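These notes are about the structure you will find just below.
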Amino acid sequence: MNSMNNTINEIKAALKPLKMETPAFRQIAVVVKPDTVHNALSYLKQKGFTQLSIVTCVDWIKESEFELVYILFSWTEGIHIQLRARIDRDKPVMVTATDIFPGAQYYEREVHEFFGVEFTGNEDAAKPLFLEIWDDLPPLRKDFDPQAYSDSKFPMRERGNEFVSEIGGHDDE
Amino acid sequence: MVLDEKDNRNVWEKIGDYFSANSIWMKWYCTGCGAIELPPTMTSRYDMERLGMGPMATPRQADVLLITGYLSTKTLRRVIYSYEQMNSPRFIVAFGSCTINGGIYYDSYATIGRLDKYLPVDLYIAGCMPRPEVVMNGFNELIKMIKKGQAKGWKHYQENYEWYKKNQLDSLGEVIIKDEFHE
Amino acid sequence: MNVMSFVYGFLVLLGVFVFQTTLTGLNRKVTARLQKRYGARWYQQFLDIFKALRKDSTSHGWVFDFGVIMALGGIMATVIFIPVAGFEAFPGLDNIFVISYLLAVGMLGMAMSAAGSGNPWASIGVARALTNMLAYDVPLMIVIFTLIFAFDSSSLSEIAALQQGMGILGWNAFRMPLGGIVAVIALLGMLGKKPFDSFIAPTEIASGPMVEYGGKHLGFMFILHEFMTFIEVSIILSLFFGGGATIWEYMLKYAVLYTFMNIISGVMPRFKIDQAVKYFYRVPLAMAIVQGLVVIFTGLGVTLWF
Amino acid sequence: MNKEKSIFSPIKAWKYLLRKPITVLKKDIFDKPREASLRYRGFHQNDWEKCLGCGTCSKICPTNAITMIEVSTLEDKEGYKNERPAFDYGRCTFCAICVDICPSDSLAMSREYLHVSKDADTFYFLPDSTGIHGDSFAKGYVRDSDSELLDLTRYEMELEPVGRKTSFMEIVKGYSLERALAESARCVECGICTDACPAKMNIPEYIKSIWEGDMKGAVEYLYKTNPLANVCGRICTHMCEGVCALGHRGEAISIRWLKRFIVDNTPMDEYEEAALSTVTEAVNGKVAIVGSGPSGLSCGYYLRTLGYEVDIYEERALPGGVIRYGGPEYRLPEKSVLKDIGMIEKAGVNFITNTKVGRDISLDELQTKYDAVFLGTGFSLSRPLKIPGYEHKDVGYAIPFLAETRDYLRETSDMPDVHEKAVVIGGGNVAFDVGRTLVRLQQVKYGADFVSMAALEHRDILPCDIEELEEGEEEGIRGHFGYGPAEILIEDGKISGLRVKKVISIFDEDKRFNPKYDETDTFVIEATQVFIATGQMPEYAFFNETMLEEIEIAKGQVKVGKYGQFNKFPWLFAGGDIVQGPDIITGVANGHDAAEGIDIYIRAKNN
Amino acid sequence: MNEVKLFLGPQHPGMHGNYSVHMYVDGDIIKKARPTPGFLHRGFEKLMERRYWMGNLALIPRICVPEPDTNEMVYAMGVEALANIEIPEKAHWIRMLVLEMARVAIHLMSLGSIGGPTGLYTATYWAIAQRDLLLDLFEELCGARIYHMYIVPGGVRKDLPEGFTDKVLAMMDELDEKIPEYEDLILKHPVIHARTKDNILLPAEVVWELGVTGIGMRSAVGKEYDLRKVKPYAYYDKVDFEVPTATYSDALTRLNLKVRELYQSMRIIRQVIDKMPSKGAVNVPVSTGSALRWTVPAGMVYSAVESSRGEYGYFIVSDGKEMPYRIAVRGASYPQGLLGIEKYLKGHRIDDASLWMDSMGVCTPEIDR
């Protein structure tokens, strides 16, 4: 655990995060300002966090913010890092991480598709990926109601309370 | 789907149906998670070939389209092309809950609710997923239906093409889309 | 050329169809056993063919349709020329070159039809099929030329007849063992059995030339395939395994050879097409050349053994 | 690293050409499908005998596959709903969460798994214990204690163990926030409790409000149907808990204590706002209410929310009736009563105390002065027990005794006369109230207690609440259950004891009250004071003679129509003990009903 | 340039699952490839926000169909970390048993699925049928063949059925006997060698560039980069096993590693059965109350386990309510299945496209979600 404490201290010194916590076993959460994300990522990569596990986003609709989450992993130390930064929900823009982690390309594309976050520098991010002819809000935003969308587009079977026979509802066939 | 149950086939059609029933080639298209139970059904443990069934590579060659579970809109478009490429008589067997009434994805923005709005379904199989025994029994049932001339979904599709097309367009926006690179 | 020839030809076609289709069905069961299962009914292949013939089919233009007819016609014509245990529809015309030529008509028809479908997978498949043919043909032809050289005849029935009467060792497969191995390997390639089936590989090119066939077209292709199998196996059987003195012997030998092909195929994955070509141009070609040289300089192996 | 290649190794597979295949035979697939494993999650089975119709399965279902269908052929049963779950196999994923959470254990998954049909409607069915096809398959997946998804144990409140007997402090402390949240989280929102509650309180809703931390919302829910939440949160007979879905396999939710938690822990300003939110200023008429017991108070409050001027006539000095003079202080502290009554007063109800209708003012007079009259006079008299010696001065009755004690605790009168040894006749809640009050008074006066109790019923069929019995015994009450009083022994003008005899049966064949005794099996309970707590009865002196002729009275209760309205006297309504009961929550319900009836009546009259 | 555009999938027999790769080919060589996912997109991440913590149990195994237990485990671990609960000892052991059995099952399946792209169908027929016998054990354990829904937040759903461990041990003995046959048929096969050796390379740089994990990473990097070793969960630190590695990653090496991992998994299973206590609770409730009102304290946590294809992770956000606020899924094959195809499928032959997907371990439902 000593290396874990060292890592925490070093990251604290280097990144000056807004908040830092350890949410789980061998896991560090670092909250930084959005404009320092790029630097933080390259610092962490050089610190040994060479694997980008996922880039994702959380919609904090009450605060009107998106929280971008980068999860990095160091195979040598066995520590996961959540690097988080909040950006404005109305104009969500972030600098791409593809120059540091090329693997981020499709994660960013996905975040763009599902949340509408723009990634400057990632040309591909704005293209559709999973969805085809999508005509509504980005679906993982909290103000998108999948039930309503589903109801309007895909009719369901009417399920009344009439049964073939009153008790048990057995089918004679 | 209301089907005419009266058997008005002539003797040639009856012979043809006998062959159709005993040699069913399925389209090798894993549309959903039910496809995970198809390999066991096909392979040594359950050996589907005993029923005269086998996988086929392209829709042209296939007789039956297995809809193995949920269909996202993106898949449904391809399923519709595939179905329309198949030669009559052609059949559709729907696996599991999702094809009947949306399954666990009933509130999903990406998957359809009921398949029979878009394509004529000849047979439903219960389960999530149906285990191989059930799949085999389903195929057996399909064979019996074809022998009796009851699997007439394809005729229904031809006769009610407009209705199906309308439903397809309502839900999918466009059915035939240009499948370009997303670049 | 009389009426009887046509009647005989028709009977040959019918007989060959029934025999080969049954054998295919039985072999499906054999392969199934290898895979620890029971497999289809023995008459499943008939059901499949008749089912396909019963279905509607989609045409992709006249080239597509005409190709099928041309292929079927060509192949059916070839079948009639194949001598079976001494019986011939057109005696004296069972020349290997005639058969090869007629076979080419059928092949061409298939290629034309497949290309006519306009599907890129089909085009790739046809290209691969031709490449494949080129690959196995070179060593096989060397061996066959060696045979013609040794027997001084190009008639199938003659070559077959000359092997009989000496027991099992009289077969060319044993008199020129390397050539026999080449022939068996080439037969795998000719039949499109694994490891040389990359031109119809479903997981690579979605069954290749067959990709756009459905219904009646597919049914004809199946019948055609049965005939073609018969021609190919028969050629090798006559050339290397002594044909058959009686029809029963012929059928038995045929069945054994064909089944052997199948059980080899059953434990084989497939080569990529370039690997298949490389393979044929390496091992079988070398073997064929060695065999050719051996035969040229020492005569047939029989002289060595007896 | 990588294996050496060899052309001969794959050929080894040829040995399988001669071996028996591993394929499952056709007959095991088609004729009689292979049996599924013992835990198989196949099609659903539902034991209709056990099923409560609670709909918990339908709520937890992640696929929305379960619909509760009303089955009209089912007979009504207390604590059961006439609904049964219907399953849509166009949705179900066979996760068996419904089985794990089923409070009645009626749902199970069978080992049946085969259903193939061209008709999609057959995939929607109402399972009974025979499953989808009517073939009885063996059960597959069933709930066990490991896969339990309910919380079946009640979160207990701490009792005050020491000093309990010597003071009238409230014995139950009430929930802490943490425990209240934990307790409220157990609820499955079935609403069976609502059906069982006479007042049809919105129990699931207010429990959910607690769980969500919305105390004001909870109070609003309470006041929708019950303005005596403080009182009911303490001494309600909680029929709701008797039918609670969780009670079938575990312990019912402490609905009463949760109600008490709401009223005790809501800040006063929020509480007041919520309680008075529906009270209106509008005036549509004037209504007199006779008796300020639970039904009267409830009627008064709801009449205020409907916009009526309300006068409540009360015989005693303080309004409240049974809640002011009946319930013992250690269960129903004065401050709780005051909070409820205060809130009703704030709602604008006018109390006219020390005025007995029939003595100070007649019913006719009320009729002329008001648009309508509500009678909520209750069972104000103790029912005498005429056994030898009952006229002795040391024979007391429950109601006056409890009232005196309350007055004593309010310091408006002296301590009631309590002897060192006393016996209480009766086995109901009131008897225990008397007994336990006696214990406390004896402790205060003598520092020791000796209270016996004799009841006709055996211990396990006593009509009182189980808590009463347990707590009473803990406090040292010597119970002689199953013994009926024979005579009060008097020596030298003083009571020396109560002779009791063994009860053989209480009811006769016609299920009428007709106790039979074993006269040979008797003994004497030592006591110098006897309290009779065998029941109460009403007083109808306020009815004039013509009314008495017209009004039908059976077993002490008047017969009324809908809304508690007298058929012959449409201006007169009644509720509470004299109509139904006796218990507080029924009174509250009657009062609420009557308020609505009065509203309808007056509106009809005015138009 | 005479390029032809081809669709590999979604309804192509060479495609594993419902997925599509658009390829421009010149001759037999792929010049450009673009992955087209989304055919299996069901919007899991949205649906999970709309279901109870417990109700999600029905959804999660469906994210990766062939390997449901990993999903259940990673979800359970995440929820337990958020709720800060310790699960009983026995539950840990049972979880390991289930996970390793699942690993055996999926490795058997992928061993068989080599038959698809290469045409060695006999291997497919054998291995899938063998796996089916293992699925029978799962059915006995948890009542379903595919979607087990057995590992729940707080432990496992039920205790082991009676005599279960003996059956597992018998199955392991049977596998000990059978797997050499697969090795004979597949790993020693000259044609398989021809197809897979020096084919579909995955150099270490590419591993780091894409973020490939699992067998792909270990076969290239040569280090024991396995979450079970690097960041042990359950009781993986209490059992003795090796992580097979290699420094040259071609399709054959990866195939070999799979078989060697199979043996290691069997070794773990035997140890687990040996060390598992016979008595004890198998789960603890995640929260108080009924499952309708289970709440998990607010927080954000990332949990990850080693699936057969690599690091499988969930990022779980709770706002303290009865339903998750957000769950993001990191499918193990995401890097190779999307960016990997785009960048590194080109240059291969069409023949190898299907083998590429199989060898890299692309599981399409977990990419699409």
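Chains: A, B, C, D and E, in written order; residue numbering restarts at 1 for each.
Throughout what follows, a residue touches a chain if its C-beta (ideal position, glycine included) is under 8 Å from a C-beta of that chain, and two chains touch if they have at least 3 such contacts.
Not measured: the values here are computed from a predicted model.
*Asks:* Taking contact as defined at the start, I'd like the list of chains shared as neighbours by chain B and chain D.
*Replies:* A, C, E
*Asks:* Return the chains common to the contact lists of chain A and chain D.
*Replies:* B, E
*Asks:* Measuring between Cα centroids, which chain is at the maximum distance from chain D?
*Replies:* Centroid comparison gives C as the farthest chain from chain D.
*Asks:* Kindly work out which chain lies most centrally, taking the average of its C-alpha atoms as its position.
*Replies:* Central chain is E.
*Asks:* Of every pair of chains, which is linked by the largest number of C-beta contacts?
*Replies:* D-E
*Asks:* Measure off the straight-line distance from the CA centroid of chain A to the CA centroid of chain B, and report it in whole Å.
*Replies:* 36
*Asks:* Just how far, in Å, is the C-alpha centre of chain C from the one of chain A?
*Replies:* 58
*Asks:* Distance from the CA centroid of chain C to that of chain E, rounded to the nearest Å?
*Replies:* 44
*Asks:* Approximately how many whole Å separate the CA-defined centres of chain C and chain D?
*Replies:* The computed centroid separation for chain C versus chain D comes out at 88 Å.
*Asks:* Which residues of chain D are in contact with two or more other chains?
*Replies:* 10, 13, 21-23, 62-63, 88, 90, 93-94, 117, 119-120, 124
*Asks:* List, in ascending order, every residue of chain B touching at least 2 other chains.
*Replies:* 28, 43-45, 47, 50, 55, 57, 59, 74, 100-102, 104, 106-111, 114, 128, 131, 182-183 - these are the residues of chain B that touch more than one other chain.
*Asks:* Got the chain A residues that touch at least 2 other chains?
*Replies:* 129-132, 139, 144, 146-147, 157, 159
*Asks:* What pairs of chains are touching here?
*Replies:* Listed by label, chains in contact pair as A-B, A-D, A-E, B-C, B-D, B-E, C-D, C-E, D-E.
*Asks:* Taking the touch rule as given, give the residues of chain A at its contact with chain D in the complex, in rising order.
*Replies:* Where chain A meets chain D, its residues are 157, 159, 161, 163-164, 166-171, 173.
*Asks:* For chain E, which residues count as touching chain A in their complex?
*Replies:* 37-38, 41, 43, 45-47, 50, 81-82, 208-211, 213, 223, 225, 230-231, 299-304, 311, 313, 315, 317, 325-326, 328, 330, 334-335, 338-339, 368
*Asks:* For a test of understanding, state which residues of chain D touch chain B in their complex under the given definition.
*Replies:* That would be residues 21-24, 26, 29-30, 33-34, 43, 62-65, 88-94, 113-120, 123-124 of chain D.
*Asks:* Would you tell me which residues of chain E are touching chain B in their complex?
*Replies:* Interface residues on the chain E side: 7, 10-13, 17-18, 22, 34, 36, 38-43, 46-47, 50, 58-59, 62, 65-66, 109, 112, 124-126, 128-129, 131-133, 135, 145-147, 365, 368.
*Asks:* So in the complex, which bits of chain E are touching chain C?
*Replies:* Going by the criterion above, the answer is residues 4-6, 12-14, 28, 115-122, 125-126, 129, 185, 189, 191-192, 194-195, 349-354.
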